[in-house]
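Note that chain A is present in both complexes that follow, paired respectively with chain B and with chain C.
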Partner chain A sequence: MAELTTKGLGKLLARQGILVAFVVFMIAFALANPRFIAIDNISGVIRSSAILGVMALGVTFVVIGGNLDLSVGSMMSFSTIVVLDLHDKIGPSLAIPAMFAMTLALGGFIGFLVGYLKLNSLIVTLGMLSAIHGLTLTWSGGKNMDIADKEGTWFSVFGQGSIVGIPVPILMFALLAVVLSIILGKTPFGRKVYAVGGNGTAATFSGIPRARVVFMTYLFSAFCVATAGLIQASRSLGSQNTVGQGLELEVLAAVILGGASLLGGSGTVFKTVIGVLILGFIQNGLLLMGLAFYVQYVVTWIIIILAVWLDIAAKRGRLWSPIA
Partner chain B sequence: MTDQIPALRLEGIVKTFPGVRALDNVSFEVMPGEVHALMGENGAGKSTLMKVLGGIHDPDEGQIYIAEKPVVMTSPMQAKANGVVFIHQELSLADELSVAENIFLGELPRRSFGRVDWQTLYDATDAILKTLNVGFNARTRLGDLSIANQQMVEIARALTVDPRAVIFDEPTASLTDAEKVVLFKVIADLQSRGVGVIYISHRMEEIFKITDRISVLRDGQYRGTLNTAETNEEEVTHLMIGRKLDLSRNESHHEMGDVALEVRNLSCGELFEDVSFSVRRGEVLGFYGLVGAGRTEIAETIFGLRDPSSGQIFLNGEEVRIHSPQDAIRRGISLVPEDRKAQGLVLGMNCRDNMTLPQVDDMTAGPFVSDGAEVAIFDQYRDKLDIRTPGWRQLVGNLSGGNQQKIVIGKWLSMHPEVLIVDEPTRGIDVGSKSEIHNLIRELAAQGYAVIVISSEMPEVLHVSDRIVAMFSGKVMREFTSEEVTEDSLIQAISGISGDKVA
Partner chain C sequence: MNSQFRVNLIKQGGIWAFIVVELIFFSVAGELLAVTDKAFMDFDNMLLLLKQSAPIGIIALGMTIIMINGNIDLSVGAIFALSAIVLLDSMTWPFMAALGDWAIPLAWGFALLTGVVLGAVNGFIVWKTGVDAFIVTLGSMLGFRGLVFMYNGEQPTSHLNWTLVDFAEAQFLGLHTATWFLLVAGLLLWLLMTRTVHGRNAYAIGNNREAAVNAGIRVGPHFLWNFMLIGFLAALSAVVFYSESGSVNPNDGMLYELWAITAVVLGGTKLTGGYGSIVSTLGGVIAIQLLRKGLGHIGADTQTVNLVIGLILITVLFLDRQLNRKGKEELKT
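Take a look at the complex of A and B:
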């Protein structure tokens, strides 16, 4: 929506700050360690970001619609465990749709609570984070889940395969990003998501079924979680019950880094993809610099806080203000 | 007064927002012991000026002086520390705390280990309350007080800092006559203490009763200061309005069609009761009444936002049940809501997307939104309504109030409604756009739309309506035709007391 007539570095930073920051990070890390921009490193970063990225695409819908989804990490563990368990029981070609159906049911339940009953999404999804974890442990009996015959299943294609040299997880991430970007940016439904998140009351006064739109955003989120669970399960062919633990915050971080407002109504799928890549490359860059992996938790947090602060500061034109 | 220095002076204040010059070189002063009225139409810049004074907006240019000492206001706290206190129209108090805690919030007297010194707190509060002569004490829970008494608490809070200037923003908006008398006594008391009082109000009779001087803003510009004793309402109005606004009685007559909307004995809980009216194609039906009379609630019920407890709604002679705005829109009922920013527009969205929002499902080519179809609609209504915007990509939040309102009206006109309900069509809109919107409403009726206009401004209702429904406390008191209505009879009807003129 940027006007072409805007001038000045300040305005460029305010509007495209996240892209500028991305380029600066890449240059700085590349100068510090040339290996950083080697093709195999870049491909590695994207591949390892794919699961997070797929989940972030769905959460982008929820956040633009004006809500939060903190249940995605826990839900991804559920999807992974369920599809691995069903793989040996009913075969992969039935296990996958069954897992998608169950994950969508969970998303629909959250969407019902937040959309139709108008419960606070933070409370609902924080509660679901814990409840779904309980559900997962109940399903698995607390044990790790493994596929019996790891060599003889085509199921591994989603996590380990590649088509014309490109890893399947990257292809799935890219394909989903394009499809969801079109849905959000080009369809009436996408427009309604922006309207509901931007001003739910005005959307209602314009005849937009707010509850249904919110409900749908959680279905999108659940679909993405199921896809992420599929990739995760297929990559390792075995899993702990806690495989998605903590991912909800990283996902949210990527979405915010991409510039979606937590108040709703702004953000794009493309920006979220940039946010995911920034997060992935920062973590990779820190590792290449020889820092222990746990340092990245702290650095990631600092970067998110900076991103959010600068975003707000750009909007109000000051670094600090007593109001809003 | 002339040998004193001003308690507060603003000089050459300029403040621009994207697309709007909200304040254009405004200067203004208040002397100690003076009550100085600040007047102007909605959108004239009063509230922006006060926000600059209160440190909420940075002025682009200009200087604020307190006792001729230049100061920079960067926050409400700093304004208060400089002795400038606001009594806001919307109260900013905590319901669950006591009166004393509200008054000293942030500055509670302390004992050792950070414990609150309750005795000192209550004593200090009661001392202040005593000077205000109020009927409650320091320990009263704020939420238990009336609005008027809550306002007294705000005033008491202002008095804790020994203010140089106190700004009252529409203080009497929700007060009864008896409560107003108490407020005016408090203001007189402030005056005698040498405090400069800035009094913002639309109510002429109050202005002429209590102020010493009147300054007028119009379209963001300072228009002059008058001595209250030497002027009259006409002169002030002339300064405020500038060019003469055509608010004559509606006298246009054209063919009216069939009844488009009829409401019979509609009730909704305690909000309104037994309301019946009808509106024909080609007719403007005005709803006039005080805030809280139930007018907006009727509109919201017809639009499907509330469920009626009893009664019937007929559209083109056929009974309809409307349970949601989608139902209403499908049947051709449109509502331009009262609060443009909260209910009418998604401010962070561009002009075009706001305008086509209710029909975005139909703006498609295949599964996708068609840019071409949307732009065509936008261009058509931009031209038709003379909406001034650099382009459809402009965010609606950057437009002036008048243009925003036209976007909302365009949004519904492009749906070709059977019935168009417009709630407070010109609230917060500058004078020029106001008459444009009035003309537009008349023109829509002439084109055969059935239009319902809800307004709190009598000249507006008289100007646009063919018939007027007067409401009081949830009930229809009387219906007037434009020929028979008089200002007096209308005022009587909406005050619910016949023969007794309200202020």
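Take a look at the complex of A and C:
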């Protein structure tokens, strides 16, 4: 009987481990400091995770499709700089669609290279990380970008506004998460993404247009990046050229923490949201405990390794690797 | 057979041909645009170029072996920074001060040991847990960076030792100290990869892991050794660089992993493992540095360097695939 319970517990941990860990963390932090579960603290954490979160939603599509996207950080810098620059030149109502169009074009280019030309996604997006950074610097001339009239623009609503008491970034994050979750989980397109990532050759033989599906995942990623850039630009109304630098790997960490396999074919939008929130709440909880911000790096490291390790250990049925 | 030979020649000679093209292009363009009176192929300029290639170059050498294995290491930038801090900080420890100049080799030893230990942590996790190296080192990239910050907060760590600076700035037979380190490390690793069992096993494992296991190669310890090796090289790169500069910021070394990978891929090493060469990686490193200097020479903005390198990387990937495809088609017939 006792054996059965431990087995059941092991199964639960294996299947919903990340959720269990999340709950354990929340309880531990809440016991350590009651302020942790105050509404305004929780809302603050989600709000500051929104940018990372929105980007992670798009990358989830790419990763489930069996590819990587390392260019999202530098692409986010690009969107932010472009929308801030165009804001003063053509006004916010034109700047936003123009920025989305340009970011989607970049995403489409990557999608073309990875999907149709079948180039290795890691190197393509690594190259694009560098290329888009150069593009951003060329656009801005290397200078910081600022909106001239910071008080009189309605543009700040995306990053600073709130509707019925809920901050707009949270609303956008939640809305996007729900929509993308439905697309991935309930539509034929979503099933094709899983099929292509799970076994590309089999997907091709069953008539799924693999190239087009991969291409689409990068468009989704670019759309999310543009949204994140919009929130970022609107929140600070000014930006450096390197605002998104290094975010690509944090985004990937959140997606992996959520349980998506880098081999493709597994993961969900909901799990990614959990991954993002875990990163956000750990950071916040450690800060509230009075620890310096960089302690979270070490904690995140340990959690990522443990999460992925336990996940594959459960799948192969033994803890230690069979590598000789 | 003959065309297969030609394909191989193009693949291995490609990076050197590219370097020659770069040299000619920047020399001619520099003359025509007349931005500066100095010739691009100035001897001192080339020596400096080799010296500046050294920090990324030494790391890229290690990355080549890791990638031939079919693994990847994203944590080298953080290892670089932590080793640099240990190097500079250890020279201020009380018992070290009493040793005089003998503190220098000891400080180097501490820094290199740091690199080896951090590499061993990565290798051990890859071996024992079976988690993909990409994820393991992505995690430790964050974790090691956290350790860097924990060591000295957000303050820069500085210590100038003039004997050390003199050594780092010295020139022997015309080449700078850093260049010598790059060349000697390159030579030793080339010997390792082409003349030893370890090197042959590295290719075998990268090519087909299952088969390598069946052939009796102990893959786990092999990975461990290679991660220790790249940790050592990242630390060596830090030792060479910070002996001269004497001050390290906690953010130093960020994105070095990406530059190193770019150089390795330009050199033609396969991400999927089993194929690549140390010499070609040296070519890749020099090509990138040449591009940076060359674009500056013809008066292009420094920002265009990123754009050009990114596009070249993608082009190389595309051409490489076309070449491979051709090779395969001819094998079929």
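What we mean here is this: the second predicted complex is superposed on the first by the 315 of 324 C-alpha atoms of A that agree within 3 Å, B and C clash if a C-alpha of one lies under 4 Å from a C-alpha of the other, contacts with A are read in each partner's own complex, and residues count from 1 in each chain.
Everything below uses one rule, namely that a contact is a pair of C-beta atoms (placed from the backbone, for glycine too) under 8 Å apart; a residue touches a chain by one contact, two chains touch by 3 or more.
All figures in this text were calculated on a predicted structure; none of them were measured in a lab.
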In the superposed arrangement, does A:Leu129 touch chain B (first), chain C (second), both or neither?
-> second
Chain B or chain C: which reaches more residues on chain A?
-> C
Identify the partner contact of A:Tyr294: answer first if only chain B is touched, second if only chain C is, both if each is, neither if none is.
-> second
With the two structures laid over each other on chain A, which partner does A:Leu249 touch: chain B (first), chain C (second), both, or neither?
-> second
Dual-contact residues of chain A (chain B, chain C) 322-323
Chain B - residues contacting chain A, complex | 55-56, 58, 75-77, 303, 305, 324-326, 328-329, 335, 337, 342-350, 353, 357-358, 360-361, 363-364, 367-369, 390, 393-395, 411
Over in the complex, which chain A residues touch chain C? Could you list them?
-> 70, 113, 117-120, 122-124, 126-135, 137-138, 142, 245-246, 249-250, 252-253, 256, 262, 292, 294-302, 304-305, 308-309, 312-313, 316, 320-324
Report the residues of chain C in contact with chain A in the complex, numbered from low to high.
-> 74, 125, 127-132, 134-136, 138-147, 149-150, 153, 213, 217-220, 223, 254-255, 258, 261-262, 265, 271, 301, 303-314, 317-318, 321
Can you list the chain A residues touching chain B in their complex?
-> 1, 3, 182, 186-188, 190-192, 194-195, 198-199, 201-209, 265-266, 318, 322-323
